[in-house]
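Shown below is the structure under consideration.
Here the chain labels run A, B, C and D in written order, and each chain numbers its own residues starting at 1.
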Amino acid sequence: MVRVGIVGGTGYTGVELLRILVSHPQVEVSVVTSRSDAGQRVDALYPNLRGHIDLAFSLPELDVLSVCDVVFFATPNGTAMLMAAELLAQGVKVIDLSADFRLQDVQAWEHWYGMTHACPELIAEAVYGLPEMHRESIKNARLIACPGCYPTAVQLGFLPLLENHLIDGRQLIADVKSGVSGAGRKAELATLMSETGESFKAYAVSGHRHLPEIAQGLSGIAGQPVGLTFVPHLTPMIRGIHATLYSQLTLTTAVDLQALYQQRYQHEPFVDVLPAGTHPDTRNVRGSNQCQLAVHQPQNGQTVVVLSVIDNLVKGAAGQAVQNMNLMFGLPEGLGLNIVALYP
Amino acid sequence: MVRVGIVGGTGYTGVELLRILVSHPQVEVSVVTSRSDAGQRVDALYPNLRGHIDLAFSLPELDVLSVCDVVFFATPNGTAMLMAAELLAQGVKVIDLSADFRLQDVQAWEHWYGMTHACPELIAEAVYGLPEMHRESIKNARLIACPGCYPTAVQLGFLPLLENHLIDGRQLIADVKSGVSGAGRKAELATLMSETGESFKAYAVSGHRHLPEIAQGLSGIAGQPVGLTFVPHLTPMIRGIHATLYSQLTLTTAVDLQALYQQRYQHEPFVDVLPAGTHPDTRNVRGSNQCQLAVHQPQNGQTVVVLSVIDNLVKGAAGQAVQNMNLMFGLPEGLGLNIVALYP
Amino acid sequence: MVRVGIVGGTGYTGVELLRILVSHPQVEVSVVTSRSDAGQRVDALYPNLRGHIDLAFSLPELDVLSVCDVVFFATPNGTAMLMAAELLAQGVKVIDLSADFRLQDVQAWEHWYGMTHACPELIAEAVYGLPEMHRESIKNARLIACPGCYPTAVQLGFLPLLENHLIDGRQLIADVKSGVSGAGRKAELATLMSETGESFKAYAVSGHRHLPEIAQGLSGIAGQPVGLTFVPHLTPMIRGIHATLYSQLTLTTAVDLQALYQQRYQHEPFVDVLPAGTHPDTRNVRGSNQCQLAVHQPQNGQTVVVLSVIDNLVKGAAGQAVQNMNLMFGLPEGLGLNIVALYP
Amino acid sequence: MVRVGIVGGTGYTGVELLRILVSHPQVEVSVVTSRSDAGQRVDALYPNLRGHIDLAFSLPELDVLSVCDVVFFATPNGTAMLMAAELLAQGVKVIDLSADFRLQDVQAWEHWYGMTHACPELIAEAVYGLPEMHRESIKNARLIACPGCYPTAVQLGFLPLLENHLIDGRQLIADVKSGVSGAGRKAELATLMSETGESFKAYAVSGHRHLPEIAQGLSGIAGQPVGLTFVPHLTPMIRGIHATLYSQLTLTTAVDLQALYQQRYQHEPFVDVLPAGTHPDTRNVRGSNQCQLAVHQPQNGQTVVVLSVIDNLVKGAAGQAVQNMNLMFGLPEGLGLNIVALYP
C-alpha cells in the first residue's frame, strides 16, 4: 500500500484526488491537510465522501507528512516550492499539481507567476508529468510537476503533428474552452453562477500563465521554438475542457491524419482517438481520466483542426497526478483510474 | 459471474446500468438490445463507454436473452410485461425498471398507464424492489418491480415516521423536484435545453403516475390508507431528485427525530442520515447509489420537514436495480455500487 | 421628470433598477452611488448598460442625493436606516429595497437581522410596498419598504384564500425555490457556479429572515396570526422564484377557486391568473414585472395547491420598487414596466 | 403604422420577433401564422406574451398575408421561396429570416441546402440584410435575406480588417460558439438538456451551411475570394454567440487596430467596440440587438484576435430583421430596438 498525503485538500483538485484515491486498491490516504479547516472532518466539508473516508483535516506540517510515501500538492501556486525540498530529503516523493515546477526557465516562471521562486534548485530535477511524453522519466522521478489543464489538452492534440513535422510550428492556434471549476474553489465574484451561467467569454487574450507552459512543451516536441496564439474561454459548465487546435500543414502531398493519430496513441491507456469525422463531447470524459481526440482537415485544405477534450479536474489534474503516482511506484498505470464518464 | 442482459439499452437508465455493470466484478454483460439501434456498437452511441464494452446492440429476441441469468428491462412502460413470463419460464430472472409491475391493483395500473395489462398474473409475484422495505423478499424473488425515482426518494423519507405512527397519515405532502433526465432520452420539445434551462416549474399537479405507487407504498408502511398530495417539479439540472416532505406530528410529547432516523437506517448501506441541522444537496449523491436524508422540526412546531435526495438514475433507477440483483444472486449488497459522487 | 438616485448601484437589484429606469419615459437617473466603485463609469462595470447611461458611480453622500425626488436603496440590510431620516427631512422620498423597514416589530427585526435598528421611529410610517395590498397607502407614502422576493411570491399566492377565510391559517406551507441571483452579487463560495450548478438544495429550514415578514403579511390579511412553515430552496438558475403553496380548505362545500383568483386579480396589472389546469413557468416572467399564478385542488381534496412565479429581481425587487415609485408620483402604475419576458 | 405578418410564428425566431414587435411603437402585428397550431391563441403557446398580444395563429394563406405591409418569414429553409414572389407581386415586402435568399450562387445553395430552389429569379434582387454593409440597398429593397446568426457575428468582426486589406484573406479562422437556441425549437435528441447541458462540443467541422454564406460576405468585402476555416461549437447556454476570429496581419508596420475598429463603427447604432484590452461577454448582449466587439494583438505578434458577441436570436435573427424593416419603411433605424440586455 502506498501511504498518501494531500496538502491543500479543500480545493477542487484536492477533493477530486480524494474521490479517486479512496477507491484506489493500492493506496491508503494517511493525511489530508488544510490550514483553514484543520480539525474538521473531511466528510463534513465534502458530504459526497461520507462513508469513504474517516479522517479530519490536519495542519500542513512536515512531521505529519513525512510518514507518507508520496505527497500531492493541490495547493495554490507558491506553496509546494516551500515544502518540496524537505519532503524529498526525508525520502517522500512529491507530486505537485500546482505550477511551481512546470517551467524550466525560472525567470519566465517568476515573470508569469509574480513571485520569487523559493526553490529554483529543484526545477531541473522536476519531471513534467505528461506520461504520453515523459513516461520513462516519470517512473524514476522523485518530483513531478503535473501539467496544467489547458496544457494537457493542447499538447496531446498537437503532439502527433509536431513530432512528425507536418505543420508550421510558427503559427499554432489553440482556442480552448474551460468549465468554471478550472478557476478553483475560491470566493470570487467572477465565478458566481449569476456571473458565469448562461454566458460565454474569452479572457486573458493578451497572455495567460499556461501560454509559456504550452509553448515550452510544444517547442520540446518540435525541436525548435513554436509560435502559439492561445485564447482561453470560460464556458457555462462545471467540468470539461475542449481545445480546438488550428495549424497549417506544410506538406503538399496528402497524409492520412487519422492513421497518424491512431498509431501514435494506440498503446496509450488514456488517449482515445475517435473515428474519423466525429466530434468529441466533453461530457463523454466527465469524471474519467480520458482524453478524447478527433482530427479534421476541412475541405481537404491546408488547415488541420484537432479537437481535444478532457475533464480538467481528472486528466487535467487529479487523475493525471494519480497516473503519475502509479508509474512512480511501479503499479499498473491505470490502477484506480478505470472510471466510466458520467453520462448524461 | 452473473450473465446479464439489458433490454432497452439506449435510454438513460440503460446506459446508466451499463456504466455500473461494466465495472461490477461479478457481472458479465452478455446482451444489450435496442430495436432502433440494433447492429450498431454500443460505444458508438455512447462514447463514454469506449474501452469498457465491446458489444453491439442486438434485437430484443427471446432466444438471445435466455442465455442470461438475469434481464434488466430499461424500457418504456408496456414492454417488460410482454416478455417477462417467457423469460421467467426459461429460468431467467427479471428486474423491471419500468412501471409494469409496480402497482398491485391492476385496475389502477390500467387507469394511470392507459393500457391493458398484458400479464396481470405476474403482478402478485412481483416484489417491489425497495431493499430498505423488502430486502428478504427480494432475495428470493424471480421478478422485481424497481421503484420509480420519485417513489424512492419519498418513501425513504417518510418511512421512519410512518412506521412509528408519529404523523397524521391523512395529510402528507411531498413537494419533489427532479432533474430533466427523469423525463428520459426522447425527442420532445418539453425537455429541450432552451425549454428547461434557466426555468423552474411544477407539472402534473392534478395527478402523476407516481402518486398511486407512492400511496401504495406509504399505505403499506402505515398499515392504513394515507392521504398524499404529491407535486412534482422540473428543475434545470440533469441528475438529481430532492424531495421536501411535510407532515404533522400527532404526538404532543417531544420525540427525538434525529435519533429515530439514525436508528432506522443505521445498517442500511445506501441510506445516509445527515447530522442534525444540515441540508442535503443533490450534487453530493450525483452518480452514487446513496440517499441522503435530513429531518427538521422548524420552530419546534408540529410540522416535520424531511429532506431526501437521490440521483434519479442511480438510487432512483439503475443503481437500485443492481442492488436488487446483488441481493437476488447472494452477492454482497453493495458490490459494484461503492461509487463516490461526482463533486463538483 | 422624476429625478432618481440609487444608493448601492453595484448589486443585482441596483443594476436591475438601472435596466428599468434608463428606459422609463418619466425618469432621469441623476445619481448612482457605490462606495467601492466611486469614480468608475457605470457602464464599465456593467457593459450591458453601454449606450444607455452616461454616469459614474459617486460616493453615497447626502448633499448629492438631496437633489433627487426619490432615492432607491439597493443596499445590504442596515444601510437605508442610516440615511432615510435625513433624506425625508430634505423632502426626498425613499424606496428601500432592503429589509430595514419591512417588519413592524422592531424587536423581531433586531432578532432576525442581528443588529440594533438605527431608526425605529420611522418604522411605523413606512408603507409595505405590495401594491396589491396597500395601493392607496403607497400613493401617499414618503417611505416605502419594498417586500422581499420570497414574501412577494408567497403573499400574492395566499392572498385570495386568506382574505376569504377559506383555509386553515394555522397550517400554511410555502415550499419556495429561488434562482441564485437572490443571494446577491457577493464573493462567496456558496454561490459559485461549481457549487450551485447542477444541484438543488433546501436551506435555512430552521428559520429564514423572510419568515417573519411573510407571517406578518399573511396575518394581516387573515386578521389573525397564521402558522407558517416556510422552506426556501436554491435552484440552479439565475433568475426566478417558484412558490408552491399548500393549505387546507376549511369549507365542506365546493368553491370555484379559479373564479376566486381571477376575480381578485382582474384589475391588477402585474398579477396574472393562468387558465385552470396549467402550471406557470419561471421563464415566462423572466425580466418582466409579472406574477403568474395557478390554483389547483388535486383530486378535489381539501388541499389547495397554489403555484406562484415571479422574477426575483423584478416583481421581487426592482420592478416592484418602480411600480411603487409610479404610484407615489402619480404616474401610470405600469409606466416603464411593460416588459415582455425573455423566452427562451 | 406598419402592418406586419409573421409566417412561422412558433419557432424561437418567431416568438422573438413578437417580443420585439409588440413593443414597437410603429408596428401593428396583424397576422401570425402556424400550420401546426392554427386556431390556438398565441399567448397560450407563449405565456410570456400574455397581455401583449390578442391574436390566434392562422394558416399561412396568401390572402390573409396580403393585407400586410411586410411579412417576416421565421420558417425552416425552403418555405419563404414558395411564397415570396406572390407576396411581392401584391406589393407586400418580404423579410426572410431563413436561408432561402442568402446565397447569390443558386447551385451552391442547392448543394448546401439539399433541395431545388423554387424561386431562383428573385435571388439577384434579394438584398443581404446586414445594415453595416448594405444600408442603402436595404432602404430600397422589397426582399431582404437576413443574415444567419454565425455570419453576422463573423462578418462584423472581420469587416474592418478586410476592408482595409490588413490581413491575409487566404487564412481566416472563425472559431464560433453558440447557445442551443440556435438549433431552433424542434423535438430532437441532440438538443435535449440532458444532451447539451454541462457539455461542450464542436460540430460540422467538415462543413456547415453558414460557411458559404460567410465566405460570400467576406469575399465581397475583401474584393477577392477568401479562405476560411469555420468551426461552430455548441455551448451549454440558451442564447448567445461568441466568435473568436484569427487572422494574420500582412503589414510589417504597426497599426492601431483599436482606433480602426472604433472609427469604422462609430456611427453604427448596433455595433459597439469595447475598450482596448477588454473581453466581451455574451450575457451583456442577451436580449439586445447589440454586437459587442474587442480586438487584440497578443504579444504584439502578427496574429489578430477579434472577439465578437451577439444574441443569436436578436442581432443574429429577429432584431436584425426589425432593423431592416425600420430601414425599409423609413423609420428611425433603432426604433423598438433600444433594449437593455438582461444581466444577470
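Basically, a residue touches a chain if its C-beta (ideal position, glycine included) is under 8 Å from a C-beta of that chain, and two chains touch if they have at least 3 such contacts.
Being a predicted model, the structure only gives us computed values, none of them experimental.
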Remotest chain, chain A as reference, centres from CA atoms: C
Contact-richer chain pair [B-C vs C-D]: B-C
Interchain centroid distance [CA atoms averaged], chain C/chain D, Å: 36
Intercentroid distance (Cα basis), chain C paired with chain A, Å: 45
Cα-centroid distance, chain B relative to chain C, in whole angstrom: 39
Multi-partner residues of chain B (at least 2 other chains): 12, 181, 185, 194-195, 197-198, 236-239, 280-281, 283, 286, 344
Complex contacts: residues of chain B adjacent to chain D: 12, 180-181, 185-189, 191-198, 236-238
Residues of chain B defined as touching chain A within the complex: 12, 15, 19, 22-23, 44, 46-52, 181, 185, 197-198, 238-239, 272, 274-275, 280-281, 283-288, 290, 292, 338, 340-344
Residues of chain B defined as touching chain C within the complex: 171, 173, 175, 177, 179, 194-195, 197-203, 205-207, 227, 229-231, 233, 235-240, 242, 244, 246, 248, 277, 279-283, 286, 296, 298-299, 301, 303, 305, 307, 309, 344
